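You will see two complexes here that share subunit A, one where it goes with subunit B and one where it goes with subunit C.
Take a look at the complex of A and B:
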């Protein structure tokens, strides 16, 4: 079962790469532009930390770790699960039908169906920033891989939750996109500012806290409590998103818009 | 022969929001219930080729979607190859193939053969049987030259041939075709109809084909079910339908002066050939078409006889 899943996953990724390589120069320029975009944002924070020194005990090294976690987890999501962003359109147009009549998990097939090659630039940014974080070591690298996998599962859950709104609300694409962008924006701030109500919001309505706060804390100062909080948060959001998705499927009435995939 | 599809009192209702203002719709949503499929029952034997015909909005696609496990019914039951579709979606997927004329299951930018190989992986078909199967279908549907072309570079007719091949790769016992000739020109329609029929006869595939084009059913199927406004109004052989309701032929000619002349001929009284001969004798005919009565006309006549 697992072997067949991996085989299918690799085959789909091979097809996605093949699509990206149809225009290799475009794909590589996109990767470079993505990195340029990331580093211009990071540069702004670097200047800020040069002037301020630290924010609530956070220095630029901690911020670099946040960028590493955010970029690597987002790249994992964007390269392997980005199809979820087209889900509202599939629901709206009836394109979901094609996935529902297949013998594999429709969610897996939808998630794998699109990949954004430019986000390899996020991977490169993430790993470069890790080396600037001052938390280098085999243990911390292992923890980085673990927490970014968990964070990308959380991104999957958040996007699924946002996209599943299309089952219940007409024209929900923009609403879902805005919610997702809000989470990413929250996740791009230093985690040390998460206090009081801001922290409550970042762990509930806009769960950016589970996306960067706990992952970064697990690497900065490992504690089982932080790791369990991260695991619990991801599990709750994943369960919630799957519940909304399943309810939505029962609601699904299928459309008949003309077009191709 | 066993019934491979059994449908009993199947009903599907949709709730449609009717509030004119957004604020009002949030607090007191007013709705209307639309019955898309209304209490229909029928059985289809293994290997039968059945046309599911009706005008736009009759409930054809909604029925196919319930039978192919895409949507849930409001009430009623159905069995496809012994399985309740909406309860056994993944299991049933191995037994059925689906082709939706309005949308593609192929990867838009990739060569056709890449989509086929991906389908093979999704349906867990082992490599050697898969290659054998693909080679047979490529020959049957005459698509060898299309395999290396990206899907976006195919004409609608070529794409439809590839869509049908993709849906047959895992050897389904039942093939659901939802408007497979929609948007195609006359020649492409003829080719697709011929290929579908040839494949079904060769592999004893059960077909359920929806269309609002009466020619699709005549060329491909041997039985016809007509639904209108969600209700089943006719279920018999194509021959019975032809004898009862397809006697009228619509003939249209264009003369050398550009004048268009239309006439309706009842072939039970005047053979079509005789009518055409008479038209050719009287006018300088530059173009000529003969068509079956439109679906709406047939339905009107069915109701009139009831």
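Take a look at the complex of A and C:
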């Protein structure tokens, strides 16, 4: 079962790469533009840290680590699971029917159905920022890989929750997009500012804390408690998103759309 | 002209009816205000400058009203060019480009007004008094609305770049980021070094966003006159580009589809 799944995953990724390489120069320009886009945002924060020195105990090195975690986990999500963003469209138009009759997991097929080559620029940005963070070492690199995999699973769960709104609310594409972007925006702030109620919100309604706060803390000063908190948060949100997805499927009535795939 | 007014009205009503979309934008706006209010509070407390969050949160509100209210006109125009929809409309007694622009303006207006009213109330609750005098509020609101219209035109111009590019996704994202950096979309340009402001001055983002939104905490008739003059100049340049690109596009329409 797992072998078949991996084989299908690799096949889809190979196809996505082939499609991107059809116009190699365009693909590379997009990667460069993505990096420019990321660094212009990072530049803004660099300026702020230049002016203020530190924010609640965080310096720019810590912020660089946050950018490394955020960019690498987002790249993993965008390259391998971005198809979830089109789920509301499939639900609204009845296009989901085509996936439901497939002999493989419909959720995985939808998730793999889209990939954006430009997001390789996020990987590059992430690794560059890691080297600027001042937390370099084999152990921290291993932890970086581990926590970004967990964070990308969390992104998958959050996007699935946002997209599954379409089962219950009409025309919810933009609502889901905004919820997802809100989480990413929340995650792009220095985690040191989240104390008190802000911390509660960042771990519940907008779970940005599990996306960056715990991953960054695990790398900065490893503790099993932080790693277990991260694992627990990811597991809870993944379970919740799969539950909502299952309930949504029960709620879903076909769009009676005729199509061949 | 009546047909464009009718399109504007229909689009505005459609946007008003799409409650889920409006609530999504409002949710994002509230999250932004909530996060950055706290960020500026923390920075203000560290620097003994408690007025910091009041000034910058009102600035952020107006900046986000301009940026968030704009619909994804670039993507819809790009798709229309690629899938042949434009070819279908090009023979109709209406300018396809103006039609899409006016539709986007209608949609933008609904979001802008709703975010303006509810966003101002939320910000007022968080900060108390705004940094401007209430008698200047209608002028600031109107100037920001005009900037939002320019933003829609800029977005449509990006959509027209589909004539030369296979995908406009990253170009759109890049423009968004330039709005945030060169236009001071999140942090006002006053915190940036002089050399950066000197570069920003040569871009439309400086006047469309920063100079206009700065009126929120630095209102003067002189600043208003500078913003109006520069915005008019950049508007002419962008309009010229769109006329040129649309002219080229209509000539190549037989290649792309129909």
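To be clear about the criterion, the second predicted complex is superposed on the first by the 255 of 261 C-alpha atoms of A that agree within 3 Å, B and C clash if a C-alpha of one lies under 4 Å from a C-alpha of the other, contacts with A are read in each partner's own complex, and residues count from 1 in each chain.
The rule is short, and it goes like this: a residue touches a chain if its C-beta (ideal position, glycine included) is under 8 Å from a C-beta of that chain, and two chains touch if they have at least 3 such contacts.
Keep in mind that what you see is a predicted model, and the values were worked out from it rather than measured.
More residues of subunit A are in touch with C than with the other of subunit B and subunit C.
Looking at the shared chain after the overlay, A:30 reaches subunit C, while subunit B stays out of its contact range.
Touch criterion met: A:15 reaches subunit B, while subunit C stays clear of it. By the touch criterion defined above, A:247 reaches neither subunit B nor subunit C.
Look at A:171: by the touch rule set out above, it reaches subunit C but stays clear of subunit B. In the overlay built on the shared chain, the residue A:206 is in contact with subunit C alone; subunit B does not reach it. Once the two complexes are overlaid on the shared chain, A:223 sits clear of subunit B and of subunit C alike.
When the two structures are aligned on the shared chain, A:189 is found in touch with subunit C, with no touch to subunit B.
On subunit C, the positions that touch subunit A within their shared complex are 18, 20-21, 23-25, 27-28, 31-32, 35, 38-39, 42-43, 46-47, 165-167, 169-171, 173-174, 176-178, 180-181, 186-187, 191-193, 196.
Interface residues of subunit A facing subunit C in the complex, by the touch rule stated above, are 23, 26, 29-30, 33-34, 36-37, 40-41, 43-44, 47-48, 51-52, 55-56, 116, 118, 169-179, 181-182, 185-186, 189-190, 193-194, 198, 206. In the complex of the two chains, the subunit B residues touching subunit A come out as 14, 61, 65, 68-72, 89-91, 93-94, 96, 98, 100, 102-110, 114, 117-118, 121-124, 151-152, 159, 183. Those residues of subunit A lying in contact with subunit B across their complex are 4, 7-8, 11-12, 15, 18-19, 22, 93-98, 100-104, 109, 250, 252-254, 256-261.
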